[in-house]
Every structure is written in structure tokens, then in C-alpha cells.
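Chains: A, B and C, in written order; residue numbering restarts at 1 for each.
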Amino acid sequence: MLGGTSLPALSLPAVCFVWQIAMIILFGVFIRYDEESDAHWVEFKREHNITSDIENDFYFRYPSFQDVHVMIFVGFGFLMTFLKRYSFGGVGFNFLIAAFGLQWALLMQGWFHSLDPATGKIYIGVESLINADFCCAGSLIAYGALLGKVSPVQLMVVTLFGVTLFAVEEYIILTLLHCRDAGGSMVIHAFGGYYGLAISWVLYRPNLHQSKRLNGSVYHSDVFAMIGTLFLWMFWPSFNSAITDHGDGQHRAAINTYLALASSVLTTVAISSMSQKTGKLDMVHIQNATLAGGVAMGTAAEFMITPYGSLIVGFCTGIISTFGYLYITPFLEKYLKLQDTCGVHNLHALPGMLGGFIGAIVAAAATESVYSAEGLINVFDFEGSFANRGVGTQGGFQAAGTCVAIAFGLVGGAIVGLILRIPIWGDPADDNCYDDEVYWEVRVPEDEESIPPVLEYNNHMIHKHQDM
Amino acid sequence: MLGGTSLPALSLPAVCFVWQIAMIILFGVFIRYDEESDAHWVEFKREHNITSDIENDFYFRYPSFQDVHVMIFVGFGFLMTFLKRYSFGGVGFNFLIAAFGLQWALLMQGWFHSLDPATGKIYIGVESLINADFCCAGSLIAYGALLGKVSPVQLMVVTLFGVTLFAVEEYIILTLLHCRDAGGSMVIHAFGGYYGLAISWVLYRPNLHQSKRLNGSVYHSDVFAMIGTLFLWMFWPSFNSAITDHGDGQHRAAINTYLALASSVLTTVAISSMSQKTGKLDMVHIQNATLAGGVAMGTAAEFMITPYGSLIVGFCTGIISTFGYLYITPFLEKYLKLQDTCGVHNLHALPGMLGGFIGAIVAAAATESVYSAEGLINVFDFEGSFANRGVGTQGGFQAAGTCVAIAFGLVGGAIVGLILRIPIWGDPADDNCYDDEVYWEVRVPEDEESIPPVLEYNNHMIHKHQDM
Amino acid sequence: MLGGTSLPALSLPAVCFVWQIAMIILFGVFIRYDEESDAHWVEFKREHNITSDIENDFYFRYPSFQDVHVMIFVGFGFLMTFLKRYSFGGVGFNFLIAAFGLQWALLMQGWFHSLDPATGKIYIGVESLINADFCCAGSLIAYGALLGKVSPVQLMVVTLFGVTLFAVEEYIILTLLHCRDAGGSMVIHAFGGYYGLAISWVLYRPNLHQSKRLNGSVYHSDVFAMIGTLFLWMFWPSFNSAITDHGDGQHRAAINTYLALASSVLTTVAISSMSQKTGKLDMVHIQNATLAGGVAMGTAAEFMITPYGSLIVGFCTGIISTFGYLYITPFLEKYLKLQDTCGVHNLHALPGMLGGFIGAIVAAAATESVYSAEGLINVFDFEGSFANRGVGTQGGFQAAGTCVAIAFGLVGGAIVGLILRIPIWGDPADDNCYDDEVYWEVRVPEDEESIPPVLEYNNHMIHKHQDM
């Protein structure tokens, strides 16, 4: 059943066991509770004159964390159930790699961002959990480009390297370049999108048409995918505001994202309808391009982009993303040999890149009259060695950060793609792509929804009878 | 494919583009961040002696906002997926009109309720977003009566006028009459329900029976609809408490709604089972009437209605709503020529009206011993020019407010219905109602769940063979 | 259609009406708002020098409450939609019994835990709602063992007694033995699991194989079940932290549960894949055993178990639970005559018991250096008459508490099972189990997903034609 493997396939159980045991050991060595989740909190509170438990960061961020968590597991997971016979793989492998990725992310992000040099430990709290979920998102986006064409072991490898690359580029962009990117237009979407595309490009399958019968949706699989779409769409304001500053920062990021997303929906519908002579809408566009506004607001959401600025961002990215599904994806497949199952180029890579540049422009245009002197310092964190950075310089660094994210995605993805071409991963044969039966026990024989070939044959029979 | 159009159909893309551009311009002129979402917050805090960011309204209301958001998009959307071949339209058009409606609502509600006369601007924060979602709900309820019988352009018109009418009636009821209606029994449910019914009555289709084959559910579409039902049911306590007073107001509204909803479930099940000789339950009742308790508590939830009072409200409305599905909807269709696809009369219009009157009675019965002197002032906002209003008077105004909401719904709906009869909207022909194929690309040919006519024919063939 | 009834069946409507009326009367006598949800809050605040409404417990717990609420209704409900023709019963009866159970739980838990002796009243707030949802969970777990084999009236009886037994065992374990069990490994999962298993054992059906054709999933019912799985999995950190101490208690419980669950996913996938020669994954394992880490952390989540300790717990329970599905469930059915539809033994009973003992060990190992002196007192509530209890003693009591929970489940379940054998409950015949048509109006004739026998016959016909 499996194809493309000339060496014995590396076994999924072995990978899961070894990596999970490694996680346990590394957590034992490095990870501890931070002061707000440790039982010493009662002493910490007294020492820092904190008068109420409600000041614990848990109450600022936990509702947003849970919304992000839903986006990662139900949002991304169900968005990928749209294929007629790959719903198990879509939601199930997403579950597997996110559950692994968030553990590895806590370590990688901890080492790069919050390792205490005195103790050699990483101290985690609710913000770490949000960041770990964010870090996984990069690899889940990459999965979107690979959906149906890779084995679960390959996905584990994609995630291992994806999380690693993410932590490094995030360190360069947020710490060294001192960019702001609360919702991750650059570090999550542009990186994750180009990472997945580069892997897919290296893994190009010239004979993928042999699985064409399964590369499509059925009526109810499209409805399942709408569960993913809607939970992503609804909770994106939480995504973009989850780790912004307490107070106005979280508040403003949520409002801006809410508005950009609303605007995306209308332009997506407009372009989708225009693209067909009959004026009919295409579910692929509604499921995906409606989300582009949230991606594109990932950097600028915490800035004073203004409510109408947010609407304009959503307006443009809804159009661009839908055009992407109509023209760019077919173009990339035909001329660049790039097979992108979910069209992550149109939903993540391109809007993420745009979001990075939008953030650069909005940052460069910031003024003290709009932000107030203190507000400007707070929003852009112009403190310490960055106290004298001007907004123009900040804009330049934001643009540079976007380029770093794309470069990490493309180069990292190409390398990981080459690793995945080693024939030990148990990837599916060209005529078995998009098929859950390769990796899942699927109970078909007594299924009321009988399998496609039979029904097709069945219809044949009917036509023959009509001819009689 | 389209019917009922003698003039060229107004195009959906044109409507989406023109309206979204109008939104951008109007937002540019009118909408700004309020003091809690503006970067000046740090100054505002100091000036007002606010000691902690946690006092930002974001932390009081954002979790409730997100629950309401889920109700609007997943709750209403999936509740309308129950039709066998209109699930795309149910969830997809709900998505479109809510995304448009919330933008228009921010403007309309802003003009009526929070336009700053000094600056001519509307300042928005998280409470504005909740109110915008609420305002959309009126039009989404109306969609329930029209489901499957109107074009997306017509729905955009329904929403444009629905949001406008909502803002006006809300201004009259909440501001001029000084009613309390935190969960919107009157302003949302009674208005929205009668608005949709009046439109449907004007758009009566005598030959709708030609689409009868599609006006029903299949097994899995009923399960999809339960996603909508449950998210509405679970989050209704957040709906009714989202904009009530901080502290005990939000707390009490959530408890009362939780109890009323629980009680509705038991009486819905009881009546549904009694209505069949076999004692079997009907999914239509479970999907809808279980929610009636939440609708009917929309006004009284923030009052001291007592926990057992809440149970009684749920008890009665569960019964009334289920009876509505059994007897009133067929009666309205047969004798009043009123086609109500989702039975919004039983779920929204009638329980909403009852909720308005329950609120009036509970308000009139309020006493200082139950509320405390200060509590009475807080709950009913007896301040400023209303400082001397007694609870009896308040009860009278609450009842009057309910009548205003109904009148706005009926008259407004009739007028909008007449507008929608102009033959330029591209509405479906009588034999194409409840059919996604009119407005959506539906991939059927290689679908394992092949379309009904084929299977029916298929079965025919089988029977013929048996005869051979 | 119904079988096993020699006396006239007790009617569902009668049970619903009588019990709901009883609830209203008992609520009228006993249940009142507590000081944080009463309109007197404004006075209470002043008297207790509470400076801000944000100190109202509503803002500490309401987001967690809503997550728990989703787990109870969507989580448990959709997890039980996996059967091909019992999805209505799975999600619908879960809805019914949870809505009844939470009302009865508010009363029972109130009488045992918070009856004010001065006034004879029970005062409820948001924490009461969470506890009521928890209390229902015990009976919903029991339903998992009985799924498809009992009538709704029987389920109401299971819930009536289940909630009652829960309140008693909870009183013994939490109040008399002074155990800590915030996430309910003992009081919810071990009790609920063994309660359901004991009932199922008494109700053993030797001829259940007559319904074998319906005891399985189809492709899309497995996807529906993943909705339940994921919402349970994502929100389990809220479940285990919902009623822990404000501040570090809630924070730490969420982190520990998040980690244990992630670890469970990897070992579940590993064992599931190992168990098949083909290395394929089984949806039953992914839907269930991935959750075992959350169950097993129910007691220890609020303790200083350390992040890597949480990973180890998830690691082990993922393995044990998956083994349970592979070997223990078939063993129990074959040798102990125990039919466990959803395998609650592997997901709740066994991991719950383990969780109780893990909690005992972690408690016994607690030290002042890890918890701080004050932290130790806070976490284990060593106050009042328990001020001098040592951690070793506490560990012993935790272990004893686990045994009490199991004993209550087994004995209580056996008694309730005997009650359910009285032939007045209208339970389904052996050849009608797992079939929604017994209790629900199912619209099949014009269904595009036609019923299995027809399609099977259909395929026959095709084969005959090929032979022709």
C-alpha cells in the first residue's frame, strides 16, 4: 500500500516514543513554573505589593489562550477536513503534530527568549502556552501545503524543524531586530506559509494526477471545513491580541482584527461570485480567503491603524487572497511545479508578507500626537537600548523582519524538503494520496456512505439501463 | 436557473463592493477608538486614578463578547444547516450578512447612542462590538424565516434595513422609554422575529410546494444543526449578561439564563414526545424549542427574578415554543399564507414578546427589600431625569417597549418585503428553493453522497429488476 | 418496536414534567442568589472594602465555567455521536440528562456543602454552576457505558441516582476526608466510570449481537465525534482549574493539564499504530485515549507535580488507556459479561483511579521548600481542624478517597442497575439497540444517504448484473 519507500519505513510509534521521552527528559532538566504559577505566588504577591489575585497574568490572558487553543486544534484541524476521504488525516494529524510541537516549542522558545542565566531554567506561565501554540501554527500552516501527500512521520519531522526554525527567526526578528509582531504576520504566517511551500516544491510529484479522484470535497466535508473556518474567523481577534500589552494593547488589537475580518468576507464573496459566469460562489474561497484579513493584521493590529485602516486592510487582502485561489495557485502548480493542497500561499504566505509590510508602514507613520508620548514608547517598546529608535527606523526594521521570516521559510523549507526525500518515511504512493485508508482503519464495507468507485460504477450501470 | 426576475439581476459583487467601500468612507469620517482602546489609555488611567489595567472594560466583557460572537456565526449559522441541500447557504449567507451587518451596526448604533456632539465622532470599544453583534442578530433571525427562498442580494437588503430599523427601535426603547433589555427579548428577538415574518408574509410563494423535496433534513444535516443549537444554548448566559452592569449584574444574568435554559430542555422533550403516538422525539423541536428559555429571559435575566422564577420561565416557554412548532407554524402557513422555514415565530418572535412582558412584570414587582435601595437604582438605572420613576411606571414602559419592538418588526418587515418584490434581486424560482446549487458551486458528480434524484431513480431501477 | 417491557412503559413526558415541577418547587424553597450575584452586592462591596467589581468571583471563574459547559454539552455530546445510527441519541439524550442533572446537582450539592443553617437556604454563584456541571459529568460518563442500550427514561433514572450518589461521595471525600480533588479524578471520573460499568454489568444483554450491524461508525460520524474529542481535549485545562484557588492555583492546574494532554496524544498514536500489523491508526483510540492525561491529572493538577511530572502522567495514561481499548474492553465483555459501548473503563474509570493514586503520591511527597510554608497550607487547605495534618497523612486520605469513590460507583451502580431491570422503562429490544429510530423521528425515505440494507442490496444487484 505504501509507496516511494525503498528502505524500510521508519515507524511512527518509534518516533512518537523516542521524541516524547526526550521531551520528558528535557522538561525535567529545564522547565519550571514561573512566579505566577508557582505555589510561592502568595509570597511573591506580598513582596511585590500585589493586592489581588486578579493581577495574576492568568486572568489577563487565559480567555485569549483558550481561543487560540481552539484555533490551533479545531480551527486548523477542521479547515483541513474538506477533502472527501482525508478528513481523518486532516484533523487527526493536525492533532498529533500540534501536541508534539507545543512541547518542543516550550523548550525552543524558552532557550531563546526566557532562559534564566542564573539558574539555567525556563520558567513558564500562561503567556508561554500561548507562544507555544503560536509556534506550532507555523508548522500547521506548512501542513496545509502538504495535506494528503506526506506520512505522519514526515509531518513530525516537518514540525521538529519547523518549531526549531521558528524559534530562531523569532529571536532574530523580535529580539535582535526589535520588531513588533504580536499576531505573527511575519513570524507565523509568512514564515509558515513559505516553509510549507518550499517543502512542497522539493517534494513535487509529477504523477499526482493519479490521485485526482480524491483531491476534492463532498457536500458534508465542505460543511465540516466551515467549522474550522468559523472558529478561526471568530477567534482571530484573540489570536492577534493574546500577547499584546495589557489594557489598551489587547483591546485595540481585538477591535482592529474584528474589523479587518469583516471586511475580508465581503470582498471574498464579491470576487468569488465575479469569477464564475454563473455568479455562483465557491466554497474554497469562503473557507479560506475570508480569513486573510486576520493574517494581514497580525503585525499592525496593536498599532493605531485606525478602524477604517483595518477595514481597508481586510478589503484588499480579501481580494488578493481570492485572486490567489483563482489564478496564482493554478499558475504555481503549472509553471513552478508547486502543489499546494490548501492554498496556503493565498491564505498565509502572501497575506502574511503583506501584513509585515503593512506593519512597517503603520509603524513608520506613527506620531506622538496619535499615540501620546508614553503610548508610543509602550506600543513600540522603545526602552533600554532602543530608547532612541525613531519610528522611521522602526518601520525599516519591521520590513527587514518580514524578509527574514520569508528567507527562513524558503531556505529552511528547501532543506527540510530534501531531508524528507530520503526514502525512509513511508510516504504514500502517487495513486494513494489524499486517502485516509493508507494510514487509518476506515470502516467502509457496512458504510451507508459507500465508497466512490462503487457508486460511480453504479451510475454507469444506470446509464446502461437507460440505453436499453 | 434563477427565476422571478424580469429585470436584469442586481449583482452580488456590485452590492458587496459598493457597500464595503461605503463602510470604509463612513468609518473614516466617524469611527475612532474609545479611551480604553486608544494608546492614550496610559494617560487616561493616570488622570482617572485607575490603578490597574485589569480595570479596562476589555477584561470585564471580552470573554462574553467572544461567546456572543460564536453564537452569531457558529450558533445561528449551523442552526440553519439542517436542510439537506442548503447547508452552504445556511452557514455561508449567515456569515456574509453578519460580517456586513456588524459594520453597519457600529455606525447606526454609534449615531443613535454614542455620537460625541463635540467632535462628531463615534468612539468604540469592546461593548460596541457586542452591541454590533446583537444588532446583527435581529437580521439573522429574520433570515431564519426566509431560509432557502431568497437570494444573497436580498439578504443584504434585509440586513441593511434590519440594522437600521434595529438602531431606531433600540433608541426609542432603551433611551426614550428608558427600558432595560440587556439580553434583547424585545429589541432583538421580538423585533427580529416579527421583522422576518412580515417579510416572509409579503414574499409568500403559492407554489413553494414545488421545492418540497428539498425542504427537509437528512441524518447528518440534523447533526450539523445540533452544533448550532448547542453553542447557542451553552453561550446564552453570556449573551444575556454581556452588557449588563459589572459585578452582580453580569453574575445574576448568567445564572438566571442558565437555569431557564435547563428547564426549557425538559419541557421541550416532554411535549415533543407527547405529540407523537409513538412517543418519538422530533429533532426540529430539540434543535429549536430548547432555546426558548434563553430568549424569554432576555429582559428579566438581570433582574432579581429568583432562581425558581427562571425555572418557571423556561418551563413555560419550552412548552409554548414546542406547541408553536406543532400547531402554530402549520396554522400560519395554511391560513395566513406565512412560510417560516426555521419557525422563527416559535423560537424568537413569540418567546421574545413573552420575555418583554415577563420583564415588565418582574420590573413592576421590584422592591427595595429585595434589591436594596442602591441595587434598585443600579439595576433600573433610576438616575438623572429618571430618578423619580417608580417600579410600576417602569413596568408599564417595559410593556410599551415590547409593543414598539413588535410594531417596528411588522411594519418595517412589510415595507422591506415590498422592496424585495421588485424583480431585480435574483431570487430563486419556486422549484429551486432550498437548493444550494442556485448560488453555490456544488461538486456532485464524483460525490459519494450522490444527489437525491439519482438515488431515487436508482432505487426505481432496483425495483424494476426485482419485478423482472 | 420497543422490547423488554412486560408492564406498560413509564412515559418520558410524565417523568420530565414531574421532575421539572419538583425542581421548581425545591428551588423555590431552597435556592437563592449568593452575595456576589445578588443586587445587594453594592452594599456588600462597601462593607467588605472591595474596591472593584472585578473582584467579583464571576471574573475569576466565568471563562472557565463556559469552557466546562462546552465540555459537558458539546464535548460529551459529540464524543457519543460516533455510532452510525445513534448520533441523535448520543448528543440529544446527553443534552436532556445534563439539563436535568445540573438542576438536581445544585440542590444536592447545596444541601451537602453550602446549606446555611441560619436561613435554611442554599446560596448559589458561578462556582455552584461549575460544580453542578461537574456533578452531571459523573452521570454522562455512565451514559457512555450504556450508549444505545437504554431508554431516555432509564437515563433520567441513572442521572437522578448518579447525582445523588455523587453529592454523598463528594461530601465524604472532600469534606469528611478533607481530600483535594479539584478536577475530579476521584469524585467525577473514577466514580462515574465504575457507576456506569456496574449498571451495564447488571443490564448485560446476552443477545446484543443482534444489533451488531449498528454498533460501529461511518466515516462522517467519526468526524463528528472528533468535535467532541477536541473540545474536551482543548478545554480540559479549564476543567481541572475551574474551581482551584485563585491565582497560582488556577494558573498551575491549567499548565499541568495542558502538558499531560499533549503527552497522551503521542503515546496514544504510538500504541494505536503498533497494535495493527499495517501500522494504521484507529479512530476509536484517537477519539478517546488522547484524553486520558486530562482525567489522570484531575487530582494532581493543582499540586506542584512539576511540568515534567505532568508529561510523565500523560505518557503513561495514554499507553494504558489505548491498551484498555485493545485488550481490556474485549476481555471484560467476553469474561465478565460487561458491555461498555464507549469504553468508559479505559477513558474514565481506570485513568480516574490512577489519577486518585497519583494525587495521593504527589500530596505525600509535598515539602515546604517546594510549596513554601504558606503555599503548602493554601494548596492542601491545612486550616481549622486540619491545621496539623501532615502531608503523609494527607496522601493516605487521598488514597482512601479514591477507594471511596470506586466503592460508591460499584455499589451504587449495581443497585441502580437492578432498579433499571424492572420492566417499566421502555428499553430497546436486543435487535434495536444503537438505533435512533426507536426514540427519534428519523427522516430516511427521501434521504440521500439511504439506509444500509438498501445500498447493500443495491450492490448485490450490481454484482448480479456483472454476472449476467
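Please note the rule applied: a residue touches a chain if its C-beta (ideal position, glycine included) is under 8 Å from a C-beta of that chain, and two chains touch if they have at least 3 such contacts.
Everything numeric here is computed off the predicted structure, so don't read it as measured data.
One rotation lays the C-alpha atoms of chain A on chain B, and its angle is 120 degrees to the nearest 5.
Copies chain B and chain C of the same chain sequence form an interface built mainly from non-equivalent positions, shared numbers / all numbers used being under half.
Remark: chain B and chain C have CA centroids separated by 32 Å (rounded to whole angstrom).
For chain B, the set of residues touching two or more other chains reads 54, 59, 63, 220, 227, 449-450, 458.
If you check the complex, the residues on chain B that touch chain A are 1, 11-14, 16-17, 19-21, 23-25, 27-28, 31-33, 36-43, 45, 52-54, 56-59, 62-63, 66, 69-70, 73-74, 77-78, 81, 85, 87-88, 91-92, 95-96, 99-100, 102-103, 124-126, 129, 152, 220-221, 224, 227, 438-444, 446-450, 454, 457-458, 461. Those residues of chain B that touch chain C in the complex are listed here as 54-55, 59-60, 63-64, 67, 84, 213, 216-220, 222-223, 226-227, 230-231, 233-235, 237-238, 246-248, 250-252, 254-255, 258-259, 261-263, 265-267, 269-271, 273-274, 276, 278-283, 286, 290, 304, 306-308, 311-312, 315, 370-372, 374-376, 378-379, 449-452, 455-456, 458-459, 462, 465.
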